[in-house]
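In what follows, structures are represented as structure tokens.
In the two complexes below, chain A is the common chain; its partner is chain B in one and chain C in the other.
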Partner chain A sequence: MRKCSLESIDRVFAAINADASLYLPVDGDDGKAVYTKWEDGVKWSGALNTVRSPKSFFFPQMEDLVQFRTEGKTIEVIDPRKESEDFVVFGVRACDAKSFEVLDRVFLVDPVDSYYASRREHGVIVTVACTRPVETCFCKTFGIDPAEPAGDVSVWKTDSELFWQSNTEKGEKLLEKLADLTEECTDEAVAAQKEKINSVMSRLPLADLKADAFGAGKTMKFFDAPEWDELSESCIACGTCTYVCPTCQCYDIKDFNTGNGVIRFRCWDSCMYSEFTKMSAGQPRLTQKERFRQRFMHKLVYYPEKNGGLFSCVGCGRCLSRCPISMNIVKVMKTIGGKADE
Partner chain B sequence: MNNRTETLIPKIGVITDVRIDTPDIKTFRVVTPDGVKPFIHRPGQCAMLSVPGVGEAMFSITSSPTNEEYMEFSIKKCGCVTDWLHQAEPGQQITIRGPYGKPFPVDDEFASKNLLFIAGGVGLAPLRSVINYCRHYRDRYGRIDIVYGSRSKDDLLDYREIIEEWSKDENVHVHLTIDREQEGWDGHVGFVPNYVKELGFDTDKTVILCGPPIMIKFTLDGLYALGFDKTQIYTTLEMRMKCGIGKCGRCNVGSRYICKDGPVFRFDELDELPDEY
Partner chain C sequence: MQKITRDQLIEKAASLLGNGTVSCVLGWEKGEFDYDVTPALFETESELREKFVFGDFCGANLSKYLVSKTRKCEGRILVFLKPCDTYSFNQLLTEHRFDREKAYVVGIPCEGMADIERVKELCGDGISSVTADGDELVVTTLYDDEPVRVKAESVLAERCVNCKSKKHVAYDELIGEDGEVLSSARFDEVARLEAMTPDERFAFWQNELSKCIRCNACRNVCPACTCERCVFDNPSSGVENKAAANSFEEKMFHIIRAFHVAGRCTDCGECSRVCPQNIPLHLLNRKFIKDIDDFYGEYQAGAEVGSRAPLVNYTFDDLEPGEVFERGGQDA
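Entry: the complex of A and B
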């Protein structure tokens, strides 16, 4: 383990940024943290709870897949991809770091999504152990330890210092670059910090939320629960939950006619939208109830069933604070899951 | 990214022939610009066809893998991409990628079985690949029965091939039906589910069923009444798809992605899925 003083952080950032673009949470004018490209003068916000999750570094909201040029009856196919450049995302929370495991199991299984894979190869994730967990946090429900974040490098922040630990080869290389700016140290201060984090977590309102009722094999148990009617009643299908979610990975593919050719791009999509499953031949999910149910069943039952019990929710709490009608996965879990215990 | 292959980037396909099958179904023959079959597939698999600027959609490959020269797609006019394709002429280039999905188990579960194909309307399109594969390797299978129905005589897909080839095969028994009486039709009249019951098949058969949802529902009832079990009946599902590789999420039903884990399912497998397909 290595450490540096908090005062020297800008020099550390400059060293990282020397040969890879560095992104980190920066407080906006409204006090909300947003991932921003670092440059001299940009101040790291201590806050880790960013408005958007870092998933867009690997799975951008919009990206070009392929281009076409058409002339008469002929078509030319153009691969628009350029070699990805190295980049570092600093300040990722433990929950958000876990979301990459969820996304990897979609994009990196055969056939591999090379757009995502390329960014995963070129991106280094530096996590920071939670400093300020908030009342919407429930990562522990899904077995995530906010004091032990994964990632290529894990960082713990105390009042005056940062402690760095590499977990992967990529992380090792990054710390080598910072050798002159950091010094070897023991992990005592980190142990104390971990204890502090866990003590805060255990006092949060969602500390006791359990996901045990859900998981593989529970489709028939929950699918026809009458509670879906009431839970979904006020959903306005805005899709905000999907867009702030670090694990939502559904996408649409569309063509854009540039006037000089066609760009086929993909963009984030939401199973909450009526168009999502609409076909010429029919619509398997006719009402918002069915679309609402799909999102939660996927996160709590379908995804775990396909992925060895791993839930497709990391308890980041973004959907709790962003939903305009205050509906969220915690309410669903308490209502539907609570029923299963009866 | 020069050294990567990417399944979302399509190849170019050339439409070399357009056959008008019914008032709203045309069969398109597709090869690469070099004049060869775009790729190898198995019976029941699908391909993504697209018209740049219009869109991309999933279609079942209706030609048999044993056809080594070209691929065929029987496409009903019912949306943006299909409308556009229906006005395409030979020589037109489109894009193609695939093959996608799990095929029918033609070399495993189907081997040495008596096969009963039941199709309604354009539902024959995905089964034609299987039927012609089984006809090609005729000695690997037992008796083959084909029950096929449509609204009218003019709506029967592949009618010429059925009459001139399938019906003439030894040990292949074709049973055609149309919904209503029609001048010039002296065959059976009535809906497919009723016809299946009238024909009263023995349960020593593996059934491959495809058609409109309502036809499937009533045909299943009839098959169960005849004593068939869910483990003997296969179908192929249709959902909206964008990627074709189990990632975009659109065709997710329960823990399955229809594009990758299907579209071919046995009816006992469907029991484990929520009824959202």
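Entry: the complex of A and C
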């Protein structure tokens, strides 16, 4: 464990940024934190979290996959990927750090998504333990400890200091670079800090929310639950929940006609959209109720079924605060999960 | 704080359900917290008593739901509409989007709705409860031992600070007294943008619209956006796009949408309320409203049913395009 004073944070950022681009949450002009590239003068936001999750670092909303250029009878195939450079994402919360594990199980299994893999390889994640969780937080429901965030390096913030602990080889290397700016220390202050966080966690309104009713093998139990009608009744079919979600991973691949060729790109897609996974016979889910159900069943049942029981919700609370009609996974879990076993 | 209470609305709904005037009720359902209210359909009095809510966080405009719910429900639907919502209601009727006979409008007065983001700015995050007390909101947070009291008017949503009308332009019956059309300052911000140089204005919108994540919440909530199938969702349209490929496309979606609803937008403000990225989308629409007022005479979409919007009407007095240009179009 190493530590540095909060006052020296800008020097630490400068040192990290010296040989890898550093991104961190910074308050935007509307007061909301956004991951922003660090440069001299940029201030780390005190906000609990960003509106957009850091999944974009590895799975951007839009990216070109391949380009075809035709000239006469020849077709040139162009790989638009540039050699990825190393980058560091600082200030990731425990919930979002867990989301990378959820995404890894999708993109890094065979066949490996080389676009995602390359970014994961080049990215170093520095998490920061939460200090002020809010009412919409429920990461504990999914076994995530905001006082013990994962990542390559974990950081704890107290009133005057930052404590750094490396968890991986990448993290070790990063801390080596910061050796001159940090000093060896004991973990007493961190232990006290953890206790502080845990005492807040137990006071959260969603502290008692349990996911036990869900998980692998529960498809038939919930699929035809009559409550889906009511829950999806006023869904406006926008993609807000899916696009602010750190674990939503669906995308579409399209060809853009450039006039003398094609740019094949992929972009985020949303199961809430009527055009999602459109096939020759149309959209397999004809009603908003089916699309709505898909999203929550995927988080709570289908994904765990295929991934050793791991839920694909991390309890970050973004959908709770951003849904235009305030319908969300917590309400779904409480409504259909509270039912006694039939 | 609202002048009418949840109980008054429940009594009204229960009696209309009871005497068979309506078969269901479109209203607001309480959430996990005091502020996360969801629009909902209620079919019985007991459902209403259990879940119905009315208060400072019932900003959602229910009028657009009538398009789908009047098709779905047997019988008439009671819908509670605040003054600004009734403009959307009329505009939807003007566009023949639902059957008037299937809706039973109970107009309810509105003292302005609170914006939870403003509450958080003033009281801090970690809100554990928000209750109304006179003209104040009493806010408890996870981090303050004592509740924080704020004036309700200090946490009003922008659209309510600049409320254009307390008058109901459509209703079957009213609860409480009707208000008046107000002279609001809603165009002040537009005027500020107009005063910018084109470069400054471009930079302003570039910055705002680059935040867009194309979640389509603005479009889907908009009472003026009721196409069965949006051109942006239709792969055969040639302009379908799920994500903006570049900064041009970022602007294209919103500007095209603003053009599409020009003359039909009632300025209900739902687009800005739902934007997860806090883009002030209502300013695009207000610019159109202001220009239409300037060029064709004052016109309020939804003020009555059946009026022909200036942009889809022709009169001999209409401005020639050249005049539009001379009267400020070059900077517009």
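Basically, the second predicted complex is superposed on the first by the 330 of 342 C-alpha atoms of A that agree within 3 Å, B and C clash if a C-alpha of one lies under 4 Å from a C-alpha of the other, contacts with A are read in each partner's own complex, and residues count from 1 in each chain.
We adopt the following convention: contacts are C-beta pairs under 8 Å (C-beta built on N, C-alpha and C of every residue); 3 or more make two chains touch, one makes a residue touch a chain.
Quantities reported herein were computed from a predicted structural model and do not represent experimental measurements.
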Joint occupancy of chain A by chain B and chain C, clash or fit: fit
Which superposed partner A:89 touches (first chain B, second chain C, both, neither): neither
Which of chain B and chain C A:203 touches, first, second, both or neither: second
Touched partner set for A:333, first chain B, second chain C, both or neither: neither
Touching partner for A:132 - first (chain B), second (chain C), both, neither: second
Which of chain B and chain C A:252 touches, first, second, both or neither: both
A:236 touches, of chain B and chain C: first, second, both or neither? second
Touching partner for A:313 - first (chain B), second (chain C), both, neither: neither
Which superposed partner A:322 touches (first chain B, second chain C, both, neither): second
Touching partner for A:269 - first (chain B), second (chain C), both, neither: both
Distance in angstrom between the closest Cα atoms of chain C and chain B, superposition on A: 8
Shared contact residues on chain A - chain B and chain C: 252, 254, 269, 278
Residues of chain B that touch chain A when the two form their complex: 1, 4-12, 50, 52-56, 78-79, 82, 89, 91-95, 213, 238-240, 242-243, 245-255, 272-274, 276-277
Of chain C, residues touching chain A in the complex: 31-33, 36-41, 60, 65, 121, 125-128, 142-143, 207, 211, 213-217, 219-221, 229, 233-235, 240, 242-245, 273-274, 276-278
Interfacial residue positions of chain A with respect to chain B in the complex: 65-66, 68, 70, 73-75, 77, 79, 81-84, 106-107, 109, 111, 113-115, 118, 216, 219-220, 223, 249-255, 257, 262, 264, 266, 269, 271, 276-282, 284-285, 290, 294, 297-298, 301-303, 305-306
Parts of chain A lying in touch with chain C, wherever the complex brings them together: 28-32, 48, 51-52, 61-62, 132-135, 200, 203-206, 230, 233-234, 236-240, 242-244, 252, 254, 256, 265, 267-270, 273-275, 278, 320, 322, 324-328, 330-331, 334
